[in-house]
């Protein structure tokens, strides 16, 4: 694979650059008969949209999605679904300083050396703008997973720079610009972000994403493990540097007698596994946490080189998120949805006939 | 894909259960003309082999590999290479207690619910025994990567339970049973493991793996990012719950002015990126750290259920590693090698003609 | 794979229905640095366009292609290239009679039973309109193959119904509406088609496609044979029922002493193999012939059933090609180009380093 | 894909050379719970085995298959199934004359130029010996398809050189060494083959393969059409040069009013389509015919070149089938089985929930 398709059997093929005419994707493998409209997709796109608070990039894009195929009389037909989002805010500014220099922390140097050509406008293909496509494609997956299995996928900002943000309520998440599940932390975060913006600097973040009502049995052994595909999905998001499933790195210091989740007829007694054992879902919540690096585009001058290898100083004065993590929650949810959808279908292919007399443990949605 | 093949163009298809007749794999896509013998593979297998110290499982397996195809007169022919390892120590013991119960922390419950049938002997397909296959396949990749590009891939135990183990020297790694790069810590680790074994408990670990001399330009944007594939590869190893690239989760609290690695004509000034920017190798060391959970098989009794859903107590008295992480270093190296090999070939397919006048930064091996 | 992607490493993902808003595709894996404009693609699309003579459908479509991504400053960037063709002539006519009945020879019954939903307008996804996308994608492949290796891919109509049309000259092909390589046959074909149209019937055809200057060595053993991929590619074209490589079915009655192409220092003495031995190109012309069934939409009434299973009579009064084969030449060329491009890249991945002292036989373009 | 894996979701990865230690494969994606023993596979292998009559190669191989994984207590577990066949008759003869020369009609020249190294013993990887692996893997698919859907796959020799062999009865097929469905033709064929062997020459053949009771709805639009995958599968068999579905090339001279199979409540009135419309099964018999070239290894001297490019004469004195087509019937059946199995599973993945009120036409097995 050449790298722009995600998924095995529910496959998303993505295209588009930050400042080209459009971004979009082709979604292949969606079951037929799912009610689907542009509005179903739009509402997820709107959650990710830039320009919604002073803490994120002020780029103005309506991110209006158009369904070009695969839907007939309001329902999916089982053929490939093309989604198109025109780029609107291709501000015709002077990129002169970026044409020949490589911004630290960005893909400029690596793209240039790999391809020998580079769309320097706004990061080109390496821009996080591409993640709008993932959110759009995943809206289809989320709808199907929810209608068919009751799966609910939600995420929240679990850390912003030094501020750990414990989960308090899902209701809070939609009511602040940070996707914080702790409403009491919002004032603190706003102050922190204001100070950061003033300093011209940026900071990293953690996002935790949870899928509820995933049936027991999704996933596959050895290489197509559910957690392996989730790790790939999450690490493919721009700026993500770390992925944990369940207890993650905390497992390192746990004893086996603490980590291994005990089973009882009433259900598992804990969920250190993050809902996955042996690469297969247990029926508990699937829990994944990602670590996101600080935005690379900052106003503080930094050392770099130009195309000829000469030393230069780079500072970025643009419309950048001082913490890319703030807008990453819908993207992490999207990637989890794409993986679960793919595995839901794979599971049916091979295991549609399996029945066991063993009770599904509570939390284990029936297949 | 049904889940037993890893890689796109250098593809490893694995088979075998812990207590079946054999394990092995088919390696497809190896370039022709590579000198290859069973000994080349055996020496890597021997590094992973059980039974080499009192701190790991006492299972006795010579893990002797046989090359069944794809090599002619000592060289690879470009056709598929089959590797076979017969299982020798299929101790005919009583599995009675495992037939009907699900061990906490293991894949027993999930396999049973997914497949409706389960080879309960030693974990069957879910056993870490399968990782011998990965090490064998990767030996081919490592040899080619080294001969063609000078790539060197090495790992070490960077944490054992609560004991952080900073890197001191590569020489140390091969001289203790823990793959510790700190020779001074060995006594402490031995005492810790002895106490743990006495307690019948287990503990987690961290492994750090580093690839040197990876040329700039390997990887691909969006979904086949080098880090995305590395995350999948690492998370597919049994018991791994977390993956970091470069600074990983530490990036969360870093400022952009600290994290973004500055470039100078003399090279990058730091490597928070772990050698990957925008999913493409920078030419610096590729650095990946994984978190491994404590062994699930312990002597301390634990709650579980049987196939009928009745509560039972489970305790495991077998030949188990009290820390599966101890033997995981060669496996993590193997997975890194498989990913790099795949991307080395993919890069040639699409980018063989690319040349830039821009100097490769020191640390950036030439293509 | 869900069925809308073609190719392994040069991969085309297609979307769109006959009467939806648009058709198009994403082309992934194109090497960077190829000069590419919409015009390069448009000229191939124009060769396939409907409405160019009275012998083909009178549907009016400009088939104007828009490049949405992957090209920057006139050159491919190595990222995915999206191509969009808006549907213009979505004549809002009465499909009433098609909504509930299944046209003989069409995919109506099978789509309905497979998906339970069907875009009945003009055949929906099953329409040959989708082949415009293949021609567009292949224009990129053809340009690269030609610039890099000098590969030239051309086809001609080798039989129209009962009329066999031997090859006379490539020049003739572009100068008649049938892609006939025999200029003297054109009058005969026009008369034949006029009579056919009057009868309200249709007829089949044969197309022969030839690639010149394919280097020796493209292809792969066993399952990814060059001829195997060509057979898949050709059989995926609407209405194709048969594929031959080289002598094809004529090989059945040949003796081995006649069929096996002898080698001499001056080159092969014949090309029964059609340029492929053991799944790998020989360096001779790659020759593939396809058989196309008669158009299923005819004015003669035919028996069928409706959705309730009741007997009905179906006759089609629309803008249909009385011989779909007439416009199939550019499509067959396109599919050959896609396969060759994919194998050109695959070959570089695995075999970039291979050199032999053995002379390439004449006809064997150098790599 | 590097070329040794066939199938998307029921995937067979093959390995082995004619004169290496073994051939075999890994079968991935088999549903769990299928009763499977080595005997189930062996009986299909025995139908393909060499040395069973004077009309085929006298190579002596028991072709004994060993199941190495994926089966537990007599049932498939859903994990990968490895099959191993040791090569026994690796006659240690003098290959001297083949080391440096390229046999006309064989893959010698192309392998050499592609890989720069070649296992010249018996054709190495290019040997038809590899097809034993396909037959073995397909035995699993055939068993599952039959038990689950009642699918029956059978083939026969429909032409031997100039002798057309019309279908008379399935019973006849197993009762002569030619797989002829016409028992009356056997004497004629024996005389023909004896004369051919005396002449030291070879001849081609046609095989027709039919799958009964395939449910309506298997297949996929555009690129993963059932016929497209069948064409690839068949063309991947050694020596196959042509593939037809249903009426195949005869469709070219048919009128639409003759070709398009009419539907009635009692079923289709004909089967020109060969059981596939729009790439999707109709529920009628799936019918595929292949054309096989004459064996390339003959005793008549032929012109060729050696590795240095010098002219040489080649004649082959070995144990060769004078018509490779004679033993190809089980192989064609095998490839059809692999494709149908793959599509059966793909269909369940995407379309498991589809139900229509429209009656399945007779011949359309219920899903």
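Which chain is which? They are A, B, C and D, in the order written, and residues in each are numbered from 1.
Basically, a contact is a pair of C-beta atoms (placed from the backbone, for glycine too) under 8 Å apart; a residue touches a chain by one contact, two chains touch by 3 or more.
As the structure is a prediction and not an experimental result, all values here were calculated from the model.
S.K.: Report the chain whose mean Cα position is at the greatest distance from that of chain D.
M.R.: A
S.K.: To test your reading of the model: what rotation angle superimposes chain B on chain C by C-alpha positions, in degrees to the nearest 5?
M.R.: The two chains, chain B and chain C, differ by a rotation of 180 degrees.
S.K.: Centroid of chain B to centroid of chain C, CA atoms only: how many Å?
M.R.: Comparing mean C-alpha positions, chain C is 45 Å from chain B.
S.K.: If you average the CA atoms of chain A and of chain B, how many Å lie between those two points?
M.R.: Here chain A and chain B have centroids separated by 26 Å.
S.K.: Taking each chain's centre as the mean of its CA atoms, how far is chain B from chain D in angstrom?
M.R.: Centre-to-centre distance between chain B and chain D: 38 Å.
S.K.: Multi-chain contacts in chain D: which residues touch at least two other chains?
M.R.: 1-5, 8-9, 14, 29, 32-33, 78-80, 114-116, 125, 221-222, 346, 350-351, 354
S.K.: Hey, which residues of chain C end up touching chain D in the complex?
M.R.: Residues 1-6, 8, 14, 102-107, 109-116, 125-126, 130, 159, 161-162, 201-206, 216-225, 227-236, 241-249, 251-265, 269, 272-274, 276-283, 291-298, 300, 302-305, 307-311, 325, 346-347, 350-351, 354-361, 364 of chain C touch chain D in their complex.
S.K.: Quick one: in the complex, what on chain D touches chain B?
M.R.: Those residues of chain D that touch chain B are 1-5, 8-11, 13-17, 20-26, 28-29, 32-33, 66, 68-70, 72-73, 75-82, 84, 114-119, 124-125.
S.K.: Spell out the residues on chain D that touch chain A in their complex, using ranges where they run on.
M.R.: Chain D residues touching chain A: 9, 29-33, 78-80, 148, 221-222, 345-346, 348-354.
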